[in-house]
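So, here's a batch of structures to check.
In the two complexes that follow, chain A is the common piece, with chain B as its partner first and chain C second.
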Partner chain A sequence: MKRAAAWILACVVALATAPTAFAYLKLGVRQGSRLITLRWNAMPIRYFITNRDVPNVTAPQLRDAVGRGFASWAAVPNVTISSEFVGFTGFSPVSGDNATVLGFSNRPELDRVLGSTSFTVDTVTGEIVESDVFFNSAFAWSAATPGETDRQDIGSIALHEIGHLLGLGHSMLGETQLFSGGRRVLGAEAVMFPIAFSPGTLNRAPRADDIAGISDIYGTDTFRNTTGSITGRVTKNGSGVIGAHVITFNPASGRLIGGFTLSQDGTFTIAGIEPGPQLVRVEPLDDGDIASFLDTSLNIDVDFRPAFYSRLVTVPRRGTSRSIEIAVVAK
Partner chain B sequence: MRSLFLAAALMLFVSSRAGAQPYVGTASPRVGSFEISGGVLSSGGYDAGSRSALESPNSTSTSAPPLTLFTTTSRVARATGAEVRLGIFVSPRISVEGTFQFTRPVLQTAVADDFENAAAVTAEDTLSSYVAGGSLLYHFGSGRFVPFVSGGGAYLRQLHEDKAELLTGSEIHAGGGVKYWLGARRVGLRLDAQASSRSKSIAFEQKRRVVRVLSAGLVYLF
Partner chain C sequence: MRRLALCASLLILPVALHATVILPIEFRELVTSSAVIVHGRVTDARSAFVDERRSVETFVTLDVDEYFKGNLGHHVTFRVPGGQIGRYKTVFIGAPEFAEGDEVVLFLKTAGGGIPFVTGLSQGAFRVLPDAASGRKVVTTPIVMGKSTGGVETIVRGDPTRRPLPIESFRDAVRQVLAEAARQ
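And then the complex of A and B:
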């Protein structure tokens, strides 16, 4: 199937309850009024690869791509992630079999879904006990190191799906353009952006936003001792804005890290930021389907203009900035 | 720094040769005289770096330019502040003094060219800058107008707004000025102009920067 653009959907399905994306990039479950981050507690994460080839990508090539994907996340400084390839299996990647399986599966009815990740979680602790990833073999795939024209790069999509498997939600650090068949990505600065680059384009390295997210879940004390947070509120006509995308930009390093306002009062907190002054920008969630990012039961407001906060916000080491309020206006 | 010490040593040597020259004035400094001065200062601004917020392009071409989300240009604006100095004459022409300066410069980041047409803004951060150090002064001539040259080093401490983050560094400075003694010549006016070379300073590109510092104030000799 040849497409100008395709969706990557994190089909976040838990057996006991449907997890809600919260905090910024993280997935979680709601426990009463509490939100619990999903994460693996037992390391290494042991996984199988479905022993099924697709044109241009064999099962061993998928194994290698998945191995590189895990290695890329594990290579983020100051995180504790490890994984172990157990072996090939004849099983498909489906939930509930107590085995974490990644593999190809033919799902032609999902004509916008390149890959999907599902979970079995302990809804009390948030521990992920099983996760399965399928790559839709209805699309044309490539495992070639330089990529192949008109074929999706399995390494790029595996890195994204393994990000979900580890507990990351979607990032909105990307710009898109609407066209008749959907959205086309113009640029993105996160592996976890929900819409894939065009076939043949590579996206194989976690960016600052991805790194902040994975570090927030699996970061060591060193990570927490060397970074800080920004907290604040986005308002429109004096009321909180829910679903606003908040970006921090470090003018020294150029690093972009994003988060969302996730409550009715428009508050947000973005962790994992380098100490020092940051620019803060707010934009509506308009570069993808809202359902790709947040619980659609939330009353997401996309009717406002992008805006910058008028002060530089200094992030302290091991601490949180003073709370800021960013007022936006309707379009 | 080493060359500065050599220069200081040379000045000491020269002063010992010239020490017999009389200081004209009813309260001429002698070895052990103290001098205290204070006043206002102006610290020059400097370019603090430029950087754009970039996103990886959706292109199979490795030479495709990144998508620019917005651009930033930063600058630390000129600031006014206060300073105090306490000196002691080690010879009629040479004094050693300790200096403390405080300014509140503003770090300004101008944002423009937003991809989604967000209004351009200049985001600011008001800093607190402290310089504590010492200088060696060599005075020329005598009379009401006393020109001098100076050089020294200091510890630099700068804090961001809310004192949330700290930067420390060192600076060396060289310059000169003039003292104009009034009336009984214990009280005078003092003007200083210095070039302050700072190992670090709050900016988005870390490099040694030279900052112009001008100060004016009163001086009292006792």
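And then the complex of A and C:
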């Protein structure tokens, strides 16, 4: 609660200063001019666990952590998600077996990657023939309920990767800091923030931004009937800005949800927002690995200063706000 | 397992993107931990099965313009996970993708004399594009680096001092870090 309050305070303070912000994206694969969006159409999602232990985490413990991860996403109100553990397998979580496998794999060449999700897509039909999640056994892991110092929490990382497996991309809802010898996460209000917390830190429950994202993909009519969206455009010198991070903040609830401008004309639409007045802020993705969020062929513009829309924007239930335009200026 | 299919009826625009959980790299660490730092243009990218046909990787060849650190010759080939073979595309989420003609600065590592790979997955890949206003080549991803080597510093998005750099300034920043490291 303290951290949530700190984030709310940060966003309010943002009216006068320039802090960081938040968002969700959905996962897709570009094939030529076509975009294949990743979504499971049939439930339950059936998966295997690689029968391989690593120090401090056995395969059954991984199975349990993955099961809890799926359950956490399925527990989001008004979404339709279910999963089924099929069994243990000797296969590693790599492509080529036509099965969804999650497990540990030793990938020393992926020197900074704790875990990752992959998809194999039939580019002719758009079907996804396989998805796998690997956790890099080159790192130290923990399955302990309270976490363990100097070890990454498998439950937290599994929840993040299962979010990808379900079709969620990354959230920018997080803040980092530099310290002597490296960079670390200061705080995050999304499981889908791509940068890992320091070892020993837990991040095991979807937050508002994650919930909006997963609901946007798997939400029922109840979800769509009780939320609304904001649409608008971000411009610089009159032209659209692509790759701008747009955040909505509900002052009443403190919930933060966001998205990106994803086309050359700088337009955006952010769905799954609580009805009512919202504060809207725009900022550049200038502190991170752009490829972690967006297709780098989009020619992302990061050369502008953060800006706020001058008024609160009212989001209607089951509808879209009037279109707004936020003009930004170059740094 | 063909139970996933594309869905077009989504409320917001989808986007092609990459995603994984990474340990972040500060710029100084990126420079010092990489064996090779090279600026060049992609001339070839082809995918192949590896690991007894159980994984797909893409082998990317770069026509070298300049080495900022190390030297692997006029052309360098490195590997990235994922790729496309025939109609099947394997997307390794978080891995950078390269196409012929891309101009990049790459931070590479080698392990055991094998084919180099990009440091920190996509964290070690910086795109070079002409600046829309000046036409000068700029490295589009800003450097995330502390103002000093000590102390704690919160990274603020939109910091006006963090901008895409002309390729010459980017090279100078790399060399400055290398010089500092050599003095320590």
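Note that in this section the second predicted complex is superposed on the first by the 282 of 331 C-alpha atoms of A that agree within 3 Å, B and C clash if a C-alpha of one lies under 4 Å from a C-alpha of the other, contacts with A are read in each partner's own complex, and residues count from 1 in each chain.
As a convention for this text, a contact is a pair of C-beta atoms (placed from the backbone, for glycine too) under 8 Å apart; a residue touches a chain by one contact, two chains touch by 3 or more.
Note that the structure is a prediction, hence the values are computed from the model and not measured.
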| item | value |
| --- | --- |
| First, second, both or neither for A:50, with chain B first and chain C second | neither |
| Which superposed partner A:175 touches (first chain B, second chain C, both, neither) | both |
| Touching partner for A:283 - first (chain B), second (chain C), both, neither | both |
| First, second, both or neither for A:308, with chain B first and chain C second | first |
| Which superposed partner A:83 touches (first chain B, second chain C, both, neither) | neither |
| Which partner reaches more residues of chain A (counting touched residues only), chain B or chain C | C |
| Partner chain(s) touched by A:61 [first = chain B, second = chain C, both, neither] | neither |
| Touching partner for A:271 - first (chain B), second (chain C), both, neither | second |
| First, second, both or neither for A:186, with chain B first and chain C second | both |
| Touched partner set for A:160, first chain B, second chain C, both or neither | second |
| Overlapping contact positions on chain A, where the chain C interface meets the chain B interface | 175, 184-186, 283, 305-306 |
| Of all residues in chain A, those that touch chain B in their complex | 147, 149, 173-175, 184-189, 197-198, 200-201, 203, 207, 247, 249, 251-252, 254, 256, 275-277, 279, 281, 283, 305-312, 314-317, 319, 321-322 |
| Residues of chain A that touch chain C when the two form their complex | 18-21, 25-31, 35-42, 46, 92, 94-100, 108-124, 126-131, 157, 160-161, 164, 168-170, 175-186, 192, 194-196, 216-217, 224, 229, 245, 259-260, 262-263, 269-272, 283-300, 302-306, 331 |
| Parts of chain C lying in touch with chain A, wherever the complex brings them together | 1-8, 10-26, 29, 49, 51, 53-56, 79, 81-82, 84, 87-94, 96-97, 99, 109, 111, 117, 119-123, 125, 127, 129, 140-142, 144-146, 149-160, 162-164 |
| For the chain B and chain A complex, residues of the former touching the latter | 49, 51-60, 66-67, 69-70, 72, 74, 107, 109, 111, 114-119, 121, 123-125, 160-162, 164-165, 204-205 |
